[in-house]
Amino acid sequence: MSLPILSLLIFFPVLGAFILLVTGKEHVKKIKVMALVISLCEFVLTLPLWFAFDKTTHHMQFVERHSWISLFNIEYYLGLDGISILFILLSTLITILCVLVSWNSIQTKIKEFFICLLLLEGAMIGVFCALDFFLFYIFWEAMLIPMFLLIGVWGGPNRIYAATKFFLYTLAGSLLMLVGIITLYMQGGNTFDILALAEQSYPLKLQLMLFWGFFAAFAVKVPMWPVHTWLPDAHTEAPAAGSVVLAAILIKMGAYGFLRFSMPILPEATAAMMMPMIILSLIAIVYGGLICLAQTDLKRLIAYSSVSHMGFVTLGLFSLNTQSVEGGILQMINHGVITGALFLAIGMLYERTHTRLISDYGGLATKMPVLASFFLLFTLASIGLPGTNGFIGEFLILLGSFMTRPWAALIAASGLIIGAWYMLSLYQRIFFNPDNPRWEGIKRLERREIITFLPMVILIFWIGLFPNHMLSYMHVSVAHLLEQVTGNPAGIASGVQLGLDAAAARPVPPLSH
Amino acid sequence: MISQLIFLYCALVIISTALLAVRFHNPVYSVLSVLVLFFHIAGLYLLLNAEFLAAIQIIVYAGGILILYLFVLFLVNLRQEIKGQRFVAHHRLSTVVSIILGLSLLAIIPYFKLGAKGNYPVARIEQLTHTKALGLELYSTFILPFELAGLILLIAVIGGLVLARNDKDDTANDVSDSTATAISEVQK
Amino acid sequence: MIPLSWYMVLATILFSIGIYGFLVRRNIIIMFLSIELMLNAVNLNLVAMSHYLDSLRGQSFTLFIITVAAAEAAIGLGLVIVLFRNKKTVYVDHINELKG
Amino acid sequence: MNIPFTLPALGPIMPEMLLVCMAIILVAVDLLYPRKNKLLSQLVVLTAIGMIIMLFKQTPAVTFGTMFIVDPYAIFFKIICLFGLLMTTLLSGQYLKIEKISQGEYYSLMLFSVVGMMTMISAGDLIVVYLGLELMALSIYCLVGLLKNDWRANEASLKYFLMGGFSSAVLLFGISLLYGMTGTTDLAGIAQYCSEAGILTNPALLTGFALVLCGFCFKVGAAPFHFWIPDIYQGAPTTITSFMSVAPKAAGFAVLGRFLIMAFPESQEQWGPIIAIIALLSMAVGNIIAISQQNVKRMLAYSSIAHAGYALLGLLTGTSEGYSATMSYLYIYAFMNMGAFAIVILLCAKGNRRESLTDYKGLAKSNPVAALLMLIFLFSLTGIPPTAGFIGKFYLLKAALTAGYTWTVILAVIFSAISAYFYLRLIRYMYMEEPQEQFVTQYSPGVTAALALSAIGVIGIGIFPGALLDWAAGSLIGF
Amino acid sequence: MPTYLLLIPFLPLFSFVITFLVGKRLGVRSHWLPIITVLISFSCAIYAFFQVKNGYRVNTDLYTWISSGTMTVSVGFLLDELTSVMLIVVTSVSALVHIYSVGYMKGEAGYYRFFSYLSLFTFSMLMLVLSNNFLQLFFGWEAVGLSSYLLIGFYYNKVSAADAGKKAFIVNRFGDFGFILGLFLIYASFGTLHYEPVFANVAQIANQTFTMLGVTFNLPTAIALLLFCGAIGKSAQLPLHVWLPDAMEGPTPVSALIHAATMVTAGVFLVARCNPIFSLSMTALNVITIVGSITCLFAATIALTQTDIKRVVAYSTISQLAYMFIACGVGAYSAGVFHLFTHAYFKALLFLGCGSIILGMHHEQDAKYMGGLKKYMPITYWTFLLASLSISGVPGFAGFFSKDEILAMAFVSPVGAGKFAWFIGTLVAGMTAFYSFRLFFLIFHGKFRGTAEQQHHLKESPLVVTIPLILLAIGAVGAGAFGIPAVLGGNANWAHFLEPVLGHPQVHPSHLTEIILMIISVGAGTLGIFLAWQMYINNPGLPQKMQDRYPLLYKLSLHKYYVDEIYGFLIVKPMTSFSRHFILNFFDIGLIDTLVNGIPKLIGRFSGAMRKVQDGLVSHYLAYMGGGIVFIIFLIYARS
C-alpha cells in the first residue's frame, strides 16, 4: 500500500487541530462544524483499512518504516495487525460521537476543547499503530497532555484533583515502563522494533523484572485492581466527551499494551505471572461489582463497573487460549462501545439535570422515553444479555478461562449476577419508580443526540449477532500471538474435551500446576 | 635548625593572630591582627625563598586590601558593633563542622606524597633571582593566566564603579519601584 | 630543614580557622577577612609545595590568587557598601529576606 | 642569559579575544552615546551570532602549551553559553527598561562573564580553570547586584559573593593538594602522573579531588552545594537569572566533565557512585522543595537544581554516550528554561513583577499565547513527549542504564514523576483557575524572537532530535 | 430451511420492531400487527406439527454465530416432536393472550409498548424452543427473561412493579449462573454446544469425572445439576421461586402467558430436552425429584391461605411446575411435557379468568372483597369452574390425565425418591383441589363483600376477553384427549409421539396399580373440593376457627414461610452493607485512596519541612555546605 495511510490517520487530526488553532475563537459555530467535519473525514479515512485488511496473515499491514533517530536506531515504524485494527476504527468513531456530544455541553474555551480532542485522537491512533517501542511511548505519553486538559479545564467541580491524580498516576506508571523499555532495548540488541524484540528470548529473571515494569504502566491504564482509584475520579469529573474517550479508548490501551508488548516479548514471564494476573482480574471483577452496589453517584458507578468489566478483559487475556484472548479483545471493543454509550447517555442526562446523584432521578422513562430505551439497551448490553455484544465477549472469556482454570470462570461468572444487580437497580432508580417532580418539562432528546446513539446501537447488535465479522479479523493474529506465548496456536488447554479423552478425564491444563 | 625555629615562631604567630582575628569583638582589631598575620606569612615565603611573593604579599595584601577593609569598616558604627553579637545563631554547629573539616583535612597529610619534580631547583632560582625566574615563567608558560588576571582586575574596576556609583537621577523612581514591589509582595 | 608537612599542617590549620571565622562571624567584613585567611592558607600550601617540587607553577598561581583576591575584595566591599546604603547593616544575618 | 619569548598561536582563542574587545567597545559606546540602548543590544546580538558562526567554523587546536584546548567538546559548550547570551540579550531590552538598569556595563559584564565561561570550558589547566571561573563569577556578582536599589538583588549578590568566595577557596585548597601530589596543574598531566605513580587511591589525592569536585558542584548548583541557587535566582534580575540558569551551568558542567574525564579517567568507579549520590540528592532536593514554592522564579530555581541532578546522570557514567547525553540535555535545557524565563519576563511589568504563582491564575484566558507557550515549556521540563525535554531525559536514562546504574535510574524516574507535580500546579493555575487581574503583555520584538526561538527549539528537537544528538555524539570523537 | 419455520419466530420479531418504533403513532391500532403475526405463527406451528407427525424433521443452521478457534456455534433451528408441541403451546396461548389483551389493556398508557413486548416475548420463547444448540437456547432463555422483566415492570412508576421486575431478572441470573457453567462443562466435554453431537456422544461421558480445585465430580451429574440450576431459576422452584409471586405485579395477561403457560415451563423443557444427559445420573434425577416434591408441597401450602387471587394462582403454578419436574425426575419426561401442555391451557385460563374478574372489580385483586360474582359474570364463572376442575384433576378433564400419569410413573419409577414423590404428589393433589375451589367459592359464591360502588359497576367482560376464555376452556377440558392412558382405553399417543426425543421410561405401571393410584388421587381431589365447600360455603366460620387453632402454621403459610425476609436478611442486606462499609468505605476510600493521596501529602509535608532548611542565613548554608564537603570526603574514603 503506497499511500501512507496510517501517518495520514495520525497527523490529519493534528493538522485539523492546527487549523482550528488559527481560526478565530469567535466563530463558535464554524469551529464546531469544522471539528465535526474533520472527525468525520478521519473516520472515512479509516474505512479503507477495514476493507483492505488481509485477514489471512498475522504479518503487519499498511507498514510504514523510516529511520527516525539513527543514533538509537529508533524508527518511525507503523503497522496494523488483526489486534490493533479494530481499535483504530473504534477510536475514530468514538471521536465523532465525542464531538457531537460536546456540541452544547461545552460552553467555555470551545476552540481549545476541540483542539485537545483532535490531538488526543491523533495520539490514540498513534499508540495503536506504533510498532517501534519508542514511538509507542511517545504517543502513549503525549496522550496525557490533552486528556489532562480535558479533565482539568472542562471538568466538574473537583476536576483539578481528578486531573492531577490521573496525570501523576499514569505518569508514574509509564516512567517505570520507560526504564523497562530501555533495559529491553539494551538486552534486545539495541533496537526498539517490537517485532524484532519479540523474536528473541531473554533470561527469566530479566523477563519478570520487565514484566512488572510494563505492568506498572499498563495495569494503571487498564486499570487493574488495586491501582484503579484514579478512574472513578477521572470519570466523575471529566466532561461527557472526556469520559467517553477515557472509557472507550484510553483504558483499552493498558490491555492492548499487555497484548502487544508483555505477552509476545516476555512469554515466559507471562506464563509465570498468569496466576497472579488472573487473581487480580478476579478481584477486580468482584470488587468493582460490589462497589457499584454501594455507589450513589451515577458516573462513579459506571466507572467502577468499568473496573469490573476490564477485569473480565484481563482475565481473558491472561487465560491464554483462543477463546479467552479473542473474547478479551472483543470485550475491549464491546466495553468501549457500551460504556462509551452509557457515558454519552449520562452526559446528556447531566447536561439537563446537573446532578450525578442517582437518588435525584426517578421516573424519567415517562419524561424521556427515547433516552430510556437507549439506556435500557446499553444496560442490557453491559450486563451481557445474549444478542448484544456484551454477551459474546463475556461468554468467550468465561469459556476460555473455564478451559484453563475452571474455578476462575466460576468466580468470574458471579460477576454476571452482581452486574445485573447493580445495573438494573441503577436503571430502575433513574428511569423507573415514581416521577420526580423536579424534572417536569425536562428537555427530550434532540435529533443530534439520537444520531449520536445510533452507531452504538448498530454496533451493539452487529457484534452481538454477527460477532464473526470482528472475530475474523483477529483469528490469525491471535493464533500467532498465542504461538509466541505458549508455543501452541490454540493457547493453553483450548478445546480440552474432558469427557472424550477417557484416559485423562482431567481438564486441568499443564500450566495450572 | 634556625629555620625550624623561625618557622615555629611564624606558625605560632600566624595561628594565634588568625584565631584572634576571628574572635575579636572589634573588627578593627581583627584587621590589624590579620595585618600581623600577613607579615608572618611573608616571612614564611622568605623562608621558602620566594622573595618576590613575600614582597607582593606585603604590598598587595597589607598595603592594598587591608586598607580597603579598614575604609569600609569605618562606615559602620564601631561602638554598637563592639556591643553587638559577634556570632551568628547556631554557631556551635558551624564550629563543629569547621573542626571536623579541619581534622579530616589534617588527617590526610600523612598520606601526602610529593609529586613530579619540576625544572626550577632552588639553585637555579637563586642563580636567576626569584623575581626574574617568576617573570620568565609568567611571560612564557603562564601568559594566558596572566592576561586573564588582567581581565579580572578590569572587571574589578568596572564592577567597583558600577556598584559604588549611586545614580542619583533614577534613585527616586527606583525607590518608588522597590517600595511598589514590596507592597505587591505584601499583597501576595 | 623543615619538612613540607609542617607547612601543610600550618596551612590546613589556617584554612580551618578561616572556615571557622567565615562560618561563625556575623560581620560580613570579617567574613571577607576569613576568606583572605583561607586564600592565604592556600597560597602558603602552593608556595611551599612549589618550593619542594622545584617548580614555579605554584608560586605563579599564588600570584594570580593574590590578584583575584584583590579583585574580589574590591567587588565584595562594593557590594557591602551598596548593602549598607540600602539597609544600614553589615550583618550577614540581616540579609535573610530571600528564603524558603 | 635571555630566553626568547615566542607568542603562542592566537587563532584558537580568537573568539574570546574578540568578545573582550566587544565588551570594552560597549563600555565606550555607552559612555559616548549614553541613550543608544537599542544599539547596544543589537551589537551584542550580532556579536553572539557572529561568535556562534565563528565557533562552528573553528578547527580543533591546542595553544598556550596545553592550557587552552579548542576541541568539539569545548565548541559545543561555548555555543550553549553564547546561545544563553543571545537569548538573554533578546530578553533584556524590555526588561532593562522596566527595571532601569544602566545598559553599558550590563552588556559588557555579561560579555566578560561569557569570556570567563569560554575560557574555563577550553581550559586544559587548573589555573586557567580557576581564573576563568573567577572572571565569570565576579562579573556575575556585579550583574546580580546591578539593581542597586532593590534590596533583594542586593542580598542575592552578597549571598552569591560570600558562597562563591567560600567555594572557590575550597576549590583552591583542593587544587593545591592535587598540585602537591602530582607536581602539575595540567589536567592531562595529572592523569598521566597518577597512573604512573599509581597513587590513584591515595587519600590525600582523593581528598584534593573531592574538594575540587565540591567546588565544581557548587558552580553547577548540585546538592548539597545548591543553597545559593534559590535565593540568588529569586533575587537577581530575571534576565540574569535566566542567563545564570543556562550559561554558567553549562560552563560548570563542561569543566566538571573535562576535569573528571581528563584528570581522573581511571578512577571512574571511585567517583561514579559519588556523583550518582550527588545527582540523586539534587533531584530529591530540587523536586521535593519545589513543590511548596509560591514564587515562580524560586520554583524554577529548584527545578534547575533537579535538572543539574539529571544532567549529572550522564557525567557519572564516564562514557562518551553519557557525556553526549549530558551535553544534549544541557542544550535542550537551555531552550526550555530560557523559554520559561522568557514568559516570566514577559509578564513582568513596572511595579509589579508578577513572580508569584498566583499571578499565573487564568493566564490561559488573559493571554492564551503566553499560556500555551508556558505549557509547552513546562511539559518539556517535566519530560513529557513530544517535547525536547523527554528526548534529553530519555538519553540520560539510557546512558546511565547502559552504564549499569539501574537503581539510580529508577530513583531518578521516581523523582521526575514527583517533579511533574509542581510543573502541573503552574499549568493548573494557568488553565484551570479564573484570572485575578486582567492585564495585557506587550511582546517586544526581542522577547517575541526569544520565545519563538525556544518554542521552535523545544518542539523541533522533540520531534527531530537526530541532528542535535549526532552533533553531541560527534563532539566527543577523540575526546 | 423451510420458510414457514422461519416465519414462526421472525414474524413476532418483525412486529416487535415495527410496533416498538412506530407504535406510538399507531396508538390504539398498534395491536393489529402483533395479533396478525402471532396468528400466522400459530398457523405455521400447526403446519409444522403435522409435518413432524408425518415424520419430517428439521435440524439446520441459519448462519454461524460465534466461531473462535475450535469453538463454533450457529444460529439454527431444530424441529422435532418436542419442539412442535412447544410451538403449538406457545403460539396458541400467545395468540389468545394477544387477543385478550386488546380488551384488558384498553386505554392503558403504553398500549403499544405492551403489545410490542408481547411480540418480543413470543419471539424469544420461540427461539428458545426452536434452537438446535445450547447457546441459542441460552439466548432465548435470557431474552424471555428480559421480556418478562419488561412486562412485570410494565407499570414502572409503581415501585413494587419495578422491584418485582428487577427481582425476577436477578433471581433468574442466579439460575443462569449455573446454567452457563453447565454450558462450559458441556463444551469442555464434547467440544461443541450443538444438541445433535452432544446427545450422540452422551454415552461416552458416563462415569467420567472431572476435577476442580481438587474436588472430583461425576461429570454427568455435574452437568445435569448445573443445567438444573438454570431450570430452577426459570421455573421458580425452590429455592429460587421467590420471584414468581412478585411477578404478579405485571398485567394479568402477562401472568397468564409468561408466568403460567410458557416461560416458566422453559425449565421443564430444558430438562426434557437434555434428558439423555439427565438419564445418565441417578443422583441428578433424585435431586430433581426431591426438589420437585418439596416445592410442590411448599407452594401448595402457601396457596392455601393467600387471598390475593393472582397470588393463589401463582403458587399453584409453582406447585404444578413442581409436578412436571417430578415427572422429569422420575424419568417420565413425556408425562412432564404432557402436564406442561395441559397445564398451559388450564392455568392460562385461570389467570385470564382472574384477569376478567379484576377487570370487573376495577383492579381489585383481593378475594376478601369479592364473592357472589357468579351472577354478574357468567362466562367467566363457567370457564373458571372448568379450569378449577381441570387443575383439581377431576376425571375427564385435561389435568386429570397428565397429573395421574405423573403420579403413576413416580410410584413405579426406579428413582429412589419416586415413592416419596408419589406420596407428596397425591397429598398436594388434594390441597390443589382445596385451594382452587376455595378461591372459586370465595370469588363467585357467597355474597358480595366489596364496596357498593364496585358492585354497581360489576358486569361481564367484553367479547375480546371472554372469547379467549372460552377457547382456552376447550383446551383445558380437551387437551387431555391427546394422552389418554391405555388403561382408560386410550393408546397413549402422547408418549409414543414424543418417544423419539424423550425416550421411553424404563418401567411401566401395571394397569392395576395405575387404576388404584388413580382412585387414590381422585379421592384426594374430591376430598379437597369437599373440604373447600365445607369451609367456604357450608359453614364460613370454620376458616377463622382453623386460624385460631393453628396460628403458627397459618402465619407461616400466610407469610410464605418468610422466605423473602430470610433472603433479605441472609443475602441482600449483608452483601450491600458489606460492599458499602467494607469494600467502598474501608478498603477503597479508606485504604487504597488514602495511600494514593497519602504519598503526595507526605511529600508535601516533607517539602515543607525541607524548605525550612533554606532559612536565608548564609552562615547556615555555608555550614551545610561544609557538612557536605565532609560527607563527600568520607564517601571518597569509603570508596578508596
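So that you can tell them apart, the chains are marked A, B, C, D and E in the order they are listed, and the count of residues begins at 1 in each.
We take it that a contact is a pair of C-beta atoms (placed from the backbone, for glycine too) under 8 Å apart; a residue touches a chain by one contact, two chains touch by 3 or more.
Owing to the predicted nature of the structure, the values given are computational and were not obtained by experimental measurement.
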Chains touching both chain C and chain D, listed by label: B, E
Maximum centroid distance from chain E, chain identifier (CA atoms): B
Far-end chain from chain A, centres as C-alpha averages: B
Most centrally placed chain - per-chain CA mean versus overall CA mean: A
Top-ranked pair of chains - ranking by C-beta pairs in contact: B-C
Distance from the mean Cα position of chain B to that of chain A, given in whole angstrom: 69
Distance from the mean Cα position of chain C to that of chain B, given in whole angstrom: 4
Between chain E and chain B, distance of the C-alpha-averaged centres to the nearest whole Å: 101
Gap in Å, rounded to a whole number, between the CA centres of chain D and chain B: 28
Residues of chain B touching at least two other chains: 88-89, 91, 94, 97-98, 101, 104-105, 109, 112, 114-118, 141-142, 145, 148-149, 152, 155-156, 159, 162-163, 166
Residues of chain C engaged with two or more neighbouring chains: 4, 8, 15, 18-19, 22-24, 26, 32, 49-50, 53, 55, 57, 60-61, 64, 68, 71-72, 75, 78-80, 82, 85, 92-93, 95-100
Junction residues of chain E, two or more chains touched: 600, 611, 614, 616-619, 622-623, 626-627, 629, 633
Chains grouped in pairs wherever the two touch, ordered by label: A-D, A-E, B-C, B-D, B-E, C-D, C-E, D-E
Residue numbers on chain E that touch chain D, as the complex places them: 600, 603-604, 606-608, 610-611, 614, 616, 618, 621-622, 624-625, 627-629, 631-633, 635-637, 639-640
Residue ranges of chain E touching chain C (in the complex, touch as defined): 611, 614-619, 622-623, 626
Residue ranges of chain D touching chain A (in the complex, touch as defined): 364, 368, 379, 384-386, 390, 394, 397-398, 401-402, 406, 409-410, 413-414, 416-417, 420-421, 424, 427-428, 431-432, 465-466, 469-470, 473
Chain E-facing residues of chain A, complex: 165, 168-169, 226, 229-230, 287, 290-291, 293-295, 321-323, 326-327, 363, 365-366, 380, 385-387, 391-392, 395-396, 398-399, 402-403, 406-407, 409-410, 413-414, 416-417, 420-421, 424-425, 428, 431-435, 465-468, 471, 475, 479, 490-491, 494-500, 502, 505-508
Touch list for chain A against partner chain D, complex: 68-72, 109, 112, 134, 137-139, 141-142, 144-145, 148-149, 152-153, 159-160, 163-164, 167-168, 171-172, 175-176, 178-179, 182-183, 185-186
